[in-house]
Amino acid sequence: MNREALHFAVRNGKLLVGLAVLLPLLALALLGPALAEGDPNAYVGTPAQAPSGEYWFGTTMFGQDVFAQFVYGLRVTFLVGLLGGGLAALIGMAVGFTAGYRGGLVDEVLNMLTNIVLVLPALAVLLVVNAYLGVRSVSVQALFIGLTSWPWAARAIRAQTFSLRSRDFVDLARLSGVRTWKIITREIAPNMSSYLFMTFILLFGGSVLIAASLDFIGLGPTQGVSLGLMLNNAARWSALHLGMWWWFIPPGAGITVIVGALYVMNVGLDEVFNPRLREL
Amino acid sequence: MALRVNDLRVHYRTLKGEVKALDGVTFEVGDGEILGLAGESGCGKTTLGKSLIRMDGRMRHAGGTAELDGAELPIGDDRAMDRFRFREVSIIPQYAMSAMNPTRKIGRMVDELLRARGAEPDGAELRRRLDLVELPHTVLERYPIELSGGMKQRMVMVISTLLDPSLLIADEITSALDVSTQKAVARTLTEFRERGFVRSMVFITHDISLTYQIADTIMVMYAGKLAEKAPADTIVTRPRHPYTRLLISSLPEVGVRYSDRRLSGIPGSPPALLDPPAGCRFRDRCPLAFDRCAEEPPAVEVAPGHHVSCWRS
Amino acid sequence: MLRLDAVTKTYRVGAFGGRTLTAVDGVSLDLVPGEVVSLIGESGSGKTTVGRMILGLTPVSGGSITLDGAPVRPGKDYYRQVQGVFQDPFSCYNPIFKVDRVLQMIREEYFPGTAGAQWEEKVAESLEAVRLAPALVLGKYPHQLSGGQLQRLLIARALLLGPRFLVADEITSMLDASTRIDVLNLLADLKSRGLGVLFVTHDLSLGNYVSERAVVLHRGRVVESGPTGLVFGNPLHPYTARLLDSVPRLTARWDGVPQEPVPDTPEPSVLVEAEPGHFVRRVPAPELRSVS
């Protein structure tokens, strides 16, 4: 199965396009500090410069290097998305699979928990928690985002699991003496792998956006820079009206391109995993 | 002749090409006749039924004609067919459960349906027909979800024949029902014919034993083509096409003791219709196949009313 | 011997599970090796639930299921002896994997130490028993095979374990007539190899063809049981008679007599042995020996 999936994966245009967009951005984020040395928030040049050979993405209103900010911001954005989205996806999957497969009382208890977290005004809780605990690191921010944004994922996964559980192939696996967790991971989860990936993408995007909101109200990492913070700074200083497109387009495009590329990859993965779609 | 179908071809559009689901079928259905259309899955029987009333989006009318009471049916022209639907040709769908609008009370739905067709609802007649299928008049005050499967099936039968269509198409209407309900439903169909609610009928099923109970004529299809068509008794007792023979001999019967006697099936499977082989399509599975079968056998009338598409017949 | 003794299944329905619905009501039957028993019933008769309870897929609410006298505990040991095949062959395969996976699962769980060549031989042997050419089916995806092939492959899967009992739940109802009979013949083959088969069906003509004994289920209760010849040749319960009368045949058309609804057997009713081995549900008469 795996070798075959790979065979189709390397021939899948959508997947390759998605990767072709995503990997350079990831590389840029990882190698960023080498390319743009120094503090990305330092005032290095003439304010409000358009892109040039010296400052590839121009400078901000205050003379900060937009490219340096973009590169560092990209890194933070990936990190928040990965940690926050990943944690939320893990919790969502654990809760969703257990509730959907077990059913009965377990389902009811987990469902209640899910609904409680779901109706909590997540952003408000994050504000309070951040304000009290003084969160000042990216990973702690991601942790809080992850802990509050899983419920809808759990509900979606539970519903999918519920419908897959009643399929005969699950019964057949039970008749083959396969243990419950193995049925979940090897029979049910692969059937919704593209769905799970999609969930992760949405959680990833959600984390990025929540982080941007927190950054905006000054509850983000103190000394940080992120694409969200760049966007909000640009908005705050009316970059749009001033025609400083180089200030908001890179971070905006960065977020859009990352989430968009993930989405295209998701469609591609769907085709790789689903043999019916392969042939069309 | 009520229905005259001439070399009808209907293809399915798929990404790989056109599936020739119905590939040149010619037959007639007389006034007052019940034609049983039998065959295995993928033989084109449902495609034929659908093309006479409403083709779905993937179907394409690839040739041939169908004439009902002397007027040609505009197959493939969804708009023009509208004039015929319900009044001239009507259908009882396979899944009666989902054929009714769940948000309307049944009586109101029937009213709306009739008015949409420009007909004046006739309450007395409707109730007379409900009596006939043994449904209480109160069903009109209920929602579809409150009816059992068998009741819904009967309700849909009443609705689809309310305007006394000339031709009724019944597509696998009993396959989801229990044996005892199935018998009642099949009986009601013949009763509808006797009372003149419908003039003629195409009864589509995979179950030859069932179609034998109510059909006057049975038409057996194979891989998009007519294999054999004859009076019901002839098909069952003196079939001429090897496919019909093998099919009938593969059916176990109640009332027969088998002990160690074995029936046998037909080895192999029907050809893919995306690119069907030339010649007789049953050739690969046929024990009687010979050189000539590489050429397509025409449907020949071997006895009055008995058509067979086989060189060996 | 696989024995069901007064097995009952109830479900809680309605708001807060306030009402109970009895799907299976005191069903007793024995399955012995080398015999096909058909469990006949219409939709809602509880026949599928009985099959699922035997397979441990649905918990039993009352009564007991025993294998050689010991209460059944679903798990690896039990499934080595009792296996099942279901109605819809297409739904039994995980659509994203090749069909080999159903065999592979058996290998992983039961034969982890078996060497490749030895395993292949074993698979070839089971495929042979269901008359499938390995090259025709192995390495294919479910949607590339026909229903009959898939169903036979599932029987081959069960045979890998060398089970003593097989629950076959409506295994031919999705198949075309021309392939259906081959699957039925296969059950007869398995029987002659010593397997005990519970053939769950709504189709009386199939039950008549393949089984030695027949059990007729109506609304969760056994209304008649006995040797197939007696139950089908001399139906004693009005429900069985009505079913037989409704079956479309090629040898005769339905007569014109309208059907009367079958009255429920008045209470209290028990299964009564009307002739040797032939039981029917009746209001007990004092002179007849009651067995249930």
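By written order: A, B and C. Residues from 1 in each chain.
Just so it is clear, a residue touches a chain if its C-beta (ideal position, glycine included) is under 8 Å from a C-beta of that chain, and two chains touch if they have at least 3 such contacts.
Since the structure is predicted, the reported quantities are computational estimates derived from the model, not experimental observations.
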| item | value |
| --- | --- |
| Most extensive contact between chains (C-beta pair count) | B-C |
| Identity of the chain that, by mean CA position, is farthest from chain C | A |
| Cα-centroid distance, chain A relative to chain B, in whole angstrom | 53 |
| Between chain B and chain C, centroid-to-centroid distance (C-alpha), Å | 32 |
| Distance from chain C to chain A - Cα centre to Cα centre, in angstrom | 49 |
| Chain A-touching residues of chain C, taken from the complex the two chains share | 55-57, 74-76, 79-80, 83-84, 86-88, 91-98, 101-102, 105-106, 109-110, 141, 143, 154, 157 |
| For the chain A and chain C complex, residues of the former touching the latter | 1, 167-169, 171-178, 187, 190-191, 273-276 |
| List of chain C residues in touch with chain B within their complex | 42-43, 146, 148, 176-182, 184-185, 188, 202-206, 208-210, 229, 232-233, 242-251, 253-254, 259 |
| Sites on chain B touched by chain C in the complex | 40-41, 178-180, 182-184, 186-187, 206-210, 212-213, 236, 246-248, 250-258, 262-266, 269 |
